[in-house]
Amino acid sequence: MNSIKRKDGRADDSLRPISLETGVQPYAEGSALIRWGRTQVLCAVSVSPEVPGWLKGREKGWITAQYAMLPRATFTRNPRAGYDDARVKGRAQEIQRLIGRSLRAGVDLALLGERLLTVDCDVLVADGGTRCASITGAWVAVRLALSGLLKQGVLKRDPAVDSGAIWAVSAGLVDGNPMLDLAADEDQRAEADFNLVFSGPRTLIEIQGTGERRGYSWSEVETLHRLCQGAGPAVQTAQEQALKAARP
Amino acid sequence: MNSIKRKDGRADDSLRPISLETGVQPYAEGSALIRWGRTQVLCAVSVSPEVPGWLKGREKGWITAQYAMLPRATFTRNPRAGYDDARVKGRAQEIQRLIGRSLRAGVDLALLGERLLTVDCDVLVADGGTRCASITGAWVAVRLALSGLLKQGVLKRDPAVDSGAIWAVSAGLVDGNPMLDLAADEDQRAEADFNLVFSGPRTLIEIQGTGERRGYSWSEVETLHRLCQGAGPAVQTAQEQALKAARP
Amino acid sequence: MNSIKRKDGRADDSLRPISLETGVQPYAEGSALIRWGRTQVLCAVSVSPEVPGWLKGREKGWITAQYAMLPRATFTRNPRAGYDDARVKGRAQEIQRLIGRSLRAGVDLALLGERLLTVDCDVLVADGGTRCASITGAWVAVRLALSGLLKQGVLKRDPAVDSGAIWAVSAGLVDGNPMLDLAADEDQRAEADFNLVFSGPRTLIEIQGTGERRGYSWSEVETLHRLCQGAGPAVQTAQEQALKAARP
Amino acid sequence: MNSIKRKDGRADDSLRPISLETGVQPYAEGSALIRWGRTQVLCAVSVSPEVPGWLKGREKGWITAQYAMLPRATFTRNPRAGYDDARVKGRAQEIQRLIGRSLRAGVDLALLGERLLTVDCDVLVADGGTRCASITGAWVAVRLALSGLLKQGVLKRDPAVDSGAIWAVSAGLVDGNPMLDLAADEDQRAEADFNLVFSGPRTLIEIQGTGERRGYSWSEVETLHRLCQGAGPAVQTAQEQALKAARP
Amino acid sequence: MNSIKRKDGRADDSLRPISLETGVQPYAEGSALIRWGRTQVLCAVSVSPEVPGWLKGREKGWITAQYAMLPRATFTRNPRAGYDDARVKGRAQEIQRLIGRSLRAGVDLALLGERLLTVDCDVLVADGGTRCASITGAWVAVRLALSGLLKQGVLKRDPAVDSGAIWAVSAGLVDGNPMLDLAADEDQRAEADFNLVFSGPRTLIEIQGTGERRGYSWSEVETLHRLCQGAGPAVQTAQEQALKAARP
Amino acid sequence: MNSIKRKDGRADDSLRPISLETGVQPYAEGSALIRWGRTQVLCAVSVSPEVPGWLKGREKGWITAQYAMLPRATFTRNPRAGYDDARVKGRAQEIQRLIGRSLRAGVDLALLGERLLTVDCDVLVADGGTRCASITGAWVAVRLALSGLLKQGVLKRDPAVDSGAIWAVSAGLVDGNPMLDLAADEDQRAEADFNLVFSGPRTLIEIQGTGERRGYSWSEVETLHRLCQGAGPAVQTAQEQALKAARP
């Protein structure tokens, strides 16, 4: 289990550069374009008073997400939902359920009131880690939408939970080595692939760990968890800088 | 964190009774009806030579799964795909992707040869833990289908991996208590919900852990993992007994 | 036109064994698993206050049915609606319309009140006669659901019509011989195929007679009708025993 | 059971006027517009070499039908498949299966060779009896298409069976009276509704009899059968005249 | 740019014969079958009080259209929406949007009141110019529906605008020659294809000009516009005669 | 008909600023992000050897386009195809047919050879003129894809036609004034709305002119045509600069 060189020269425990640009979709209540290495995801939040039917009259809000790739986000063109291939694929469904769940963990839905936040995550370029980039970028867009509601007096108290930002990062076992933040070429080679979602520095919201090519031991899980947790300061700093720049 | 009484009187670390009946769908290449507490899932394996397009000519097989609930498996009727509601729901897509991935981890796809195993998991009664019951039952149905192919001489060597059976079990945090194998009423109350898939006694294939109502700490993850691993002997014994009864 | 041996040794005018098990889907308002030879159909009734739009405010109820086969109910796997093949097939539509119509003939819809009974008939194993088994099993599930509504005081009078049970049986011309209750292999060979639905011993609700390989004469119709009517006592006894066992 | 006046003054055993105009869709291999009372159905036959997959290489042909109503064929507008309401309704599926089956009974599919006849029946005006009009009109269109194939030398022998024309007629019990050929207003009032398909004067191809408002006795079935059979000469004469006019 | 012979001997600036038959679909609030050369389109208007959601409460009406071809309107059979091919094709969508827009230009929607006119244009035979025939025929059907509403006293004033009839005609460049009213064979050869919709003799409602095989100059546009405008008297006379015959 | 102030102070005959950034989707064979005022469209070209079925074996290529808006490109969120609303809307179908047709006019399809170019136009921000921006941006992406094929030696000769660039611009009548390049607020107020597509400075490929609120005269058409043609130098310069920057 020797360390191998990564294509971009990164150490096994280092992140790709992350930056966030806000306001790219000016009509949205909140929007952020996240660049995470070559990966780019455009996140937009829409606020509406129409909560899902089962929630009506319960004085609580909801957050739902839709995730899609533009056809040429990837190396080969993938067909567009509603065209060649009428259905939304299982992978997209799985990811958007994860995004929605993660964001809801960061918001007090009772404080949000009977309001629906719909979060659109559209992948412009996909070089691995799109689900983690989506969660991380979408959190910034959600915070901007909540700021707008506070500024307009629609909300009296910020429903974002105290425990800290919602963020996510991936890790995996590549040629036997635990590695942080896999790019697409590494992801394809990985024996096992983990996505962890955090609320603040240490609290976990979601663990998804899949043995793609082999099973893995509990001690490998422990190592991957440590790698992911170590990425927290860098990811959260990128989020905070974007929020600060957007609300001077 | 005091222990509370569970509805059926079980200890926090004890499983519901599990039994497997094989051959229920006599036309299938392998079939098993798993009863796990009140939950019942009918698993059937179909063998066909038509691997997915992207695998053609690569001398490897594939395993795919479809998961569905009968409309009245649940307390209220849920609409049938293709009728009132044309699309397969995100939840079903997520589960069937997990089932397929888990079963593939237990089979050497090169030894399987250019062959597709389609595994249908239809939930007759849903009282929690349907995805773990599906994986556990489907593994038995897959083994029966492979035995059939060996007996007919279609396969020379058994493609099931040596490391042991594929099985799954859930655990969660309920009212602050770590508990094994949640029934539906416990699952609805749970703060966090874990599904673990194993290959043999100890090797992990998949971890999915979701904070439904709150985040969780790493030490809680460690406790839930221990509970799940402890269920291994009982679950694997149920599988082995069913296989022995089917192939005397 | 000599009599031929049937695979299972039955006489041309004899039925396969029929049994009904109730309560298999414990969450349904009424449920019955009918075994008719090798054929197995799981029937479940759901009660809801939402009658179809065109019936609203007319103080009458409705009964509708959905019929489907599990993918491996049959010798080869048939695709699942909503997956490989988005639409419900014509055959299923035709059968579920017949089931709904037949059951409505057995219930006074005004006495039922503004209430919808949705009857799900899911074929677990298909060895011929699934539509007749569905009607016969569904009638038992409907009776159980009505008993529940009476016991709860929701209904004051039983809306089941006096004339007797709704039941169905098939017959056909096989190699020139009129035969009762065709199994799948006989059905495939049949020149003509009849399904008759009765209300009580003698009253007809539906006749469907199809010349699959040749036309037929009126005197052949008369013979097939006599065969079907003769099966009444046995089929109705199976229904009554199941109802008695369920409501001691 | 007293005789009642029919809206158009007909006797209980008399047909509405039937006429057939051929060649209305000049690009079709065969076409006929049937007018049956106010009801109008446009029938067109398309010949293609592409038999369904399961029939390939078996040196036999097939006949399939599609039945649809124009949106304003009826008193109120019914939505168009593929627009407001994406799916083809169960009723249309049931009828087009009946049309296809009936026409296949009139053609020797081996003589037809590996060829598919697709028969489109589009109802321009619906005043009851559209399925019987469709079968009767479609038979003329099929005969014209077969004539064309014979004339072009594609076929050596006419695959139409000797036993005679395929035709259909309805009858029902209206206010207790057996009546032939129900118009829409009579159909809505009918207690029971029968459609019979014949091959030639006497041979039956299909019986569909439904108790819409009550069950019926076997002696009522016998009466309705006699009424339908009595309509044979008039319906078959209309078909023959149209064919003669089209092929002088 | 020499004049060439047209198949039917017409001059480059002459129309095919146009006739309109009203009342073909007697249940519709207005209907017209337009024959334009060999092309035949059946147009039917349905009146309902249900305006689209975005128009509710605004005291205005709306006109929407649906355009479809019967499968054998054309030389080869085209699949039916909702069957082999679930979706309405782009071409049909484009045409029906044009029809709706054109008809709305001829009606004062405030005078129409909160009422929806749905216009169905079903092409029975397609020999070129079906979109222009649809608009021209639909206008007659709309006028008949409006007359009916006036006669019933539902409307007090005729909402048809003063400026005159809505009509349409095509023209194109074929082998370099500007030609009026292209038949299907000419349309397939055309280098450029124009459809113009007018309100009265001279006012334009819509211009759609497409260079199918080459670009075109502004002076060619001017010539084609002159040809189309010259067809006005003949087309409008056909409309007026049909209206006069329908309302003596 | 007095001149009015435009929101952004432009003269009636002046364009908004246009810029094009290439290579935004690095995996595409050609890509360009066009910014036209606030409007932003991301255009990507995919090259594949799979021409549509009807073109196979004819030694010619094809260009097809798909146009979609991200959900929050607009002031209010519009649902995503394949989710809340399964079908691609008529408007998108109409626009993508126009884009495909326009680009095909600029390419010699025989020189392209049996190759399909799929052009995806995804609107990130929509402030009017998205179809013209799509055509103008897509042309640059197509030229880049063709350059790539030439550089790789796949093509010997550039199939782009000599006559010049494909570009498009809109104009309309707003409060009676002919105006070039309408922004969204102007478009909503417009009485008539024109989109013109050109090949080079003067040759027309497509004219689409719609009277949204009133008909228009031929002399108004002439004025709008002059306005559009006058925009040619600026639009084509923006295209050329982007191409030059991308291929130094």
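Order as written gives the chain letters A, B, C, D, E and F; numbering starts at 1 within each chain.
By our rule, a residue touches a chain if its C-beta (ideal position, glycine included) is under 8 Å from a C-beta of that chain, and two chains touch if they have at least 3 such contacts.
Small disclaimer: the values here were computed from a predicted structure and weren't measured.
**Q** Which chains lie in contact with each of chain B and chain F?
**A** A
**Q** Between chain A and chain C, what is the separation of their C-alpha centroids in Å?
**A** 51
**Q** Averaging only over C-alpha atoms, locate the centres of chain C and chain F and give their separation in whole Å.
**A** Chain centres of chain C and chain F, defined by C-alpha means, are spaced 59 Å apart.
**Q** Return the distance between the CA-based centres of chain E and chain F, expressed in whole Å.
**A** 28
**Q** Which parts of chain E, given as residue numbers and ranges, touch two or more other chains?
**A** In chain E, the residues touching two or more other chains are 86-88.
**Q** Thinking of each chain as a vertex joined to the chains it touches, would you call that graph a line, ring, star, complete, or other?
**A** Chain contacts: single closed ring, each chain with exactly two partners.
**Q** Taking the contact definition as given, in what order do you meet the chains if you travel the ring from chain C through chain D?
**A** C, D, E, F, A, B
**Q** Spell out the part of chain C that touches chain B in their complex, as residue ranges.
**A** 24-28, 31, 38, 42, 44, 46, 48, 66, 68, 70-77, 80-83, 86-88, 118, 120, 122, 124-125
**Q** In the complex formed with chain D, which residues of chain C make contact?
**A** Touch residues, chain C against chain D: 87-88, 90-91, 93-94, 96-97, 101, 105, 163, 198-199, 202-212, 214-218, 221, 225.
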